[in-house]
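Every chain is named by a letter (A, B, C and D) in the order it is written, and numbering of its residues begins at 1.
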Amino acid sequence: MTESAPRYPTSLGTSDADTITLLGQDLAADLMGKVSFGELALWLVTQRRPTPGQVAVFEAVLVALADHGFTPTAIAARLTYLSAPDSLQGALAAGLLGGGSRFLGVTEDCGVYLHDVLQRHQAAGGALPADDDGWDALALAAVRQTKAEKRFVPGLGHPVHKVRDPRTPVLIDIAEAEGLRGPHLRLFEAIGRVHEQVLGRRLPLNGAGVCGAALADLGLPVELLRGFALLARAAGLLGQLAEEQRRPIGMDVYLTVDRNAVYVEPDQTS
Amino acid sequence: MTESAPRYPTSLGTSDADTITLLGQDLAADLMGKVSFGELALWLVTQRRPTPGQVAVFEAVLVALADHGFTPTAIAARLTYLSAPDSLQGALAAGLLGGGSRFLGVTEDCGVYLHDVLQRHQAAGGALPADDDGWDALALAAVRQTKAEKRFVPGLGHPVHKVRDPRTPVLIDIAEAEGLRGPHLRLFEAIGRVHEQVLGRRLPLNGAGVCGAALADLGLPVELLRGFALLARAAGLLGQLAEEQRRPIGMDVYLTVDRNAVYVEPDQTS
Amino acid sequence: MTESAPRYPTSLGTSDADTITLLGQDLAADLMGKVSFGELALWLVTQRRPTPGQVAVFEAVLVALADHGFTPTAIAARLTYLSAPDSLQGALAAGLLGGGSRFLGVTEDCGVYLHDVLQRHQAAGGALPADDDGWDALALAAVRQTKAEKRFVPGLGHPVHKVRDPRTPVLIDIAEAEGLRGPHLRLFEAIGRVHEQVLGRRLPLNGAGVCGAALADLGLPVELLRGFALLARAAGLLGQLAEEQRRPIGMDVYLTVDRNAVYVEPDQTS
Amino acid sequence: MTESAPRYPTSLGTSDADTITLLGQDLAADLMGKVSFGELALWLVTQRRPTPGQVAVFEAVLVALADHGFTPTAIAARLTYLSAPDSLQGALAAGLLGGGSRFLGVTEDCGVYLHDVLQRHQAAGGALPADDDGWDALALAAVRQTKAEKRFVPGLGHPVHKVRDPRTPVLIDIAEAEGLRGPHLRLFEAIGRVHEQVLGRRLPLNGAGVCGAALADLGLPVELLRGFALLARAAGLLGQLAEEQRRPIGMDVYLTVDRNAVYVEPDQTS
């Protein structure tokens, strides 16, 4: 005798002979041709139908994060495709595996950081500020504490956009237009105004960070923000791989490294 | 002396201090808030701005393919998340790695199959049929040849939707409404009408197959069709992982297998 | 003009027309048939030729960690193979991606934990204990502090081996025989003797933990201990995939989940 | 009521409170310290205890294939580690995902090729040749047919070792010494002698190819040969990642590509 299996609950997809149900909707009748892919992606994660404003901000974030040119992850995906062109899924997966703490983590880190500041403020009985002065005070305290802990404020600074990241004001405007410029964005903007007092130099609010703030203002769980950056990046990586098919650079990258390799004797002392 | 590096061309992303350019557009001014994520994904692959009709068909395909409930890939992603909850990218990648020939390959296989039939027909000097009778004749010849080669016609049949896959007529209608019901879809529909004469039983045109036909009618390179199925699935997998965070099943799946494992002595004869 | 590429140093592999050099050795003349795969793996990571005793302990650790039956990662690898049998590397990679903090992390966590206790003790001017009483005192202080920080002591307890993990005494004996029962193992053993005083119940020292201690006593960098667990697991996963080819269970796992799925309406309140 | 779960058979690992059984052996008492990691890896795949001679050839193959310097997969693993240093398993998996048809596939392709030639020969009633003349005749027919089919003979030629791959004679000698120089190796050697007559130029038998032949002579299933190349590569990738921790090149690779990128306007004609 075997044990009976437990039940496995889900609210995502199910189907019977004639119907496919997804999120409680009839996939063919109610979703295909009726909702955009971006809307569905958001709905799949929250399991609540997003408002048109939420969809607008969400799609703008995905568009902002989709591709950044020859990032390490894009190069890794192209090199993997060079080695194993029979497995497109492997090249895509290799690219996504670089979506960790360093090059793709700012969106998540910034959302988490802002979320934590707001939670601690509210847990201590503080009300959300009513005006820019209030936000500036909250931001100043947060940046001071972060510096005292010898940590970095995520979302500040960019290696290329040293003065201003062009994505930042555009995304704030979109959120404002949709009525979704909430506490995370306001706190992030305040950090942009006050950090120079603490850090001694003026850094731009970067695009990945503002995306994290905007996603957090949509009410998305902060532990999934990295997932949205990964979804956006999946589209960018497909673009990279399509370009690699048409006009490859992977072999040149490999040969550049190979030809400029220098062999250094390993340390034989033991 | 080192060799100088070659140049690495790209038409995707680039940036300078003030501007981010993507696909020749100003990302912040021209794309964010102006194009949907689905539109951008299509544009990234083709490097040509899609028409609104192409976007509509493309987004409907992504919506159709995003999630299919507890597929093997969804279960693999959830089990990986159970084992390594610190690496969301790893769980997503593990799920995508199942996007190969068997459970996620029908979209690509069907697009490639239809494409090959059309190419051979045209290479042999044949014009595209002008009416259903013409398509039926072409489909009949193709199905006969495929059967003679002891191969399967991709896109026919479904384990659950034994009579009719609800996605199929809806996607054909969307393509028709957008003026994009082209030769791949018409050939696929004709296969749906004539295969019973050859195979001796009536099978539905499945949803994954009709998606492949519709994507091929958008002029997309057939060797990238698997990539679009993977992009759609990335959204579905994020939904699965978000649900796994809220209401996990991974541990129950593991325990079900573990508790019902039967140890069989390995064959010791050698 | 392009910039010249930098040089890329390495002490691993290089080759010219007649010779392949690896780790400063002639691969064909000095390594093939002369060193075991385990020895080479250890050498590749440390870049120093290991002693026979180090190899003996290292190979015993890899053998201990290679396979643990139907773990979540083994099941994930089999499900991925079911979905994409054309890509063995994808199924193997999917299995390894579960090698994170939870099911495969104990080896690393335990090594890091012991390493930190020893480092703090020595940084505070403490000498390494000379006898069991001294180790017990150090262990007691460490377990007390860990409990006070509301953290767990890694390497204690096992879901199946509730009294004694059979790998633990065997690995300690092997290390002792090779003269490599060093401070990490001695501290771990002391934790095994004293933790009951602090935690109120007696737990076994588990096999993954003792492997971490033994690897740390080989002088391996603790941030790479996870890597050795992954290497061992790679062999186990190949065994799982070979068995899946011969006597598959992936489809049954999938069908068990699918058939026992219960659809729960998503929460529509918003 | 749920359906009862099926049983899941395995001959790999199982355990109870006091014992861990692997491959029918007591892991702690019979395997740890008694078998090398290489021996266990081979045993896990075949589920039959290998002979010492089989182990010797197998370990030599793994040593031969472990690392090849800055291959595309090694670079991809290092770039992934640069992007996501928190997930060693992700960097390792990314490197293995390049283990596909092109850079790591020769071992499998060569084994499969030789296996097919031998199978067709025997299926046609042919006995295995008794001397070099017989092997040369069989090899000549095979190379001719392969050329006629406009395909390549796998295992011939090498971009660096243009005259002679140093691994090839060494591995043949090891197999000979162990009494395991079987039909696959003999056929491969014969191809080395006769191909010039058909192809018009003399190419070396490469090391990846001879490894495939040697593994096939161990009686391993040819569809798993890629798996052994992946296992060997896992050790090499760990070495690459350990070196990347100590003396990184990933950032320099990324910057070389980034700084030498050239933006090409996408084709706007549509």
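Here are some notes:
Quick note on the criterion: a residue touches a chain if its C-beta (ideal position, glycine included) is under 8 Å from a C-beta of that chain, and two chains touch if they have at least 3 such contacts.
What you see is a predicted model; the values in this text were computed from it and never measured.
Chains that touch both chain C and chain D are the following: A, B.
Taking each chain's centre as the average of its CA atoms, chain A and chain C sit 31 Å apart.
Separating the CA-averaged centres of chain B and chain C is a span of 37 Å. Centre-to-centre separation of chain A and chain B, using mean CA positions: 24 Å. In chain B, the residues touching two or more other chains are 2-3, 5-11, 14, 47, 69-70, 84, 86-87, 89-90, 93-94, 97-100, 104, 249, 253, 256-257, 259-261. If each chain is drawn as a node and touching chains are joined, the picture has every node linked to every other. Touching chain C in their complex are the following residues of chain A: 5-11, 14, 21, 23-24, 47-49, 84, 86-87, 89-90, 93, 97, 256-257, 259-270.
For chain A in complex with chain D, the residues that touch the partner chain are 1-7, 69-73, 75-76, 79-80, 82-87, 90-91, 93-94, 97-105, 249-250, 253-254, 256-258, 261. Put simply, chain C touches chain D in their complex at residues 2-3, 5-6, 8-20, 22, 26-29, 31-33, 35-38, 40-41, 44-47, 56, 59-60, 62-64, 66-70, 87-90, 92-94, 96-100, 104, 160-164, 166-167, 169-171, 173-174, 207, 221, 223-224, 226-228, 230-232, 234-236, 238-243, 245, 247, 249, 252-253, 256, 259-260.
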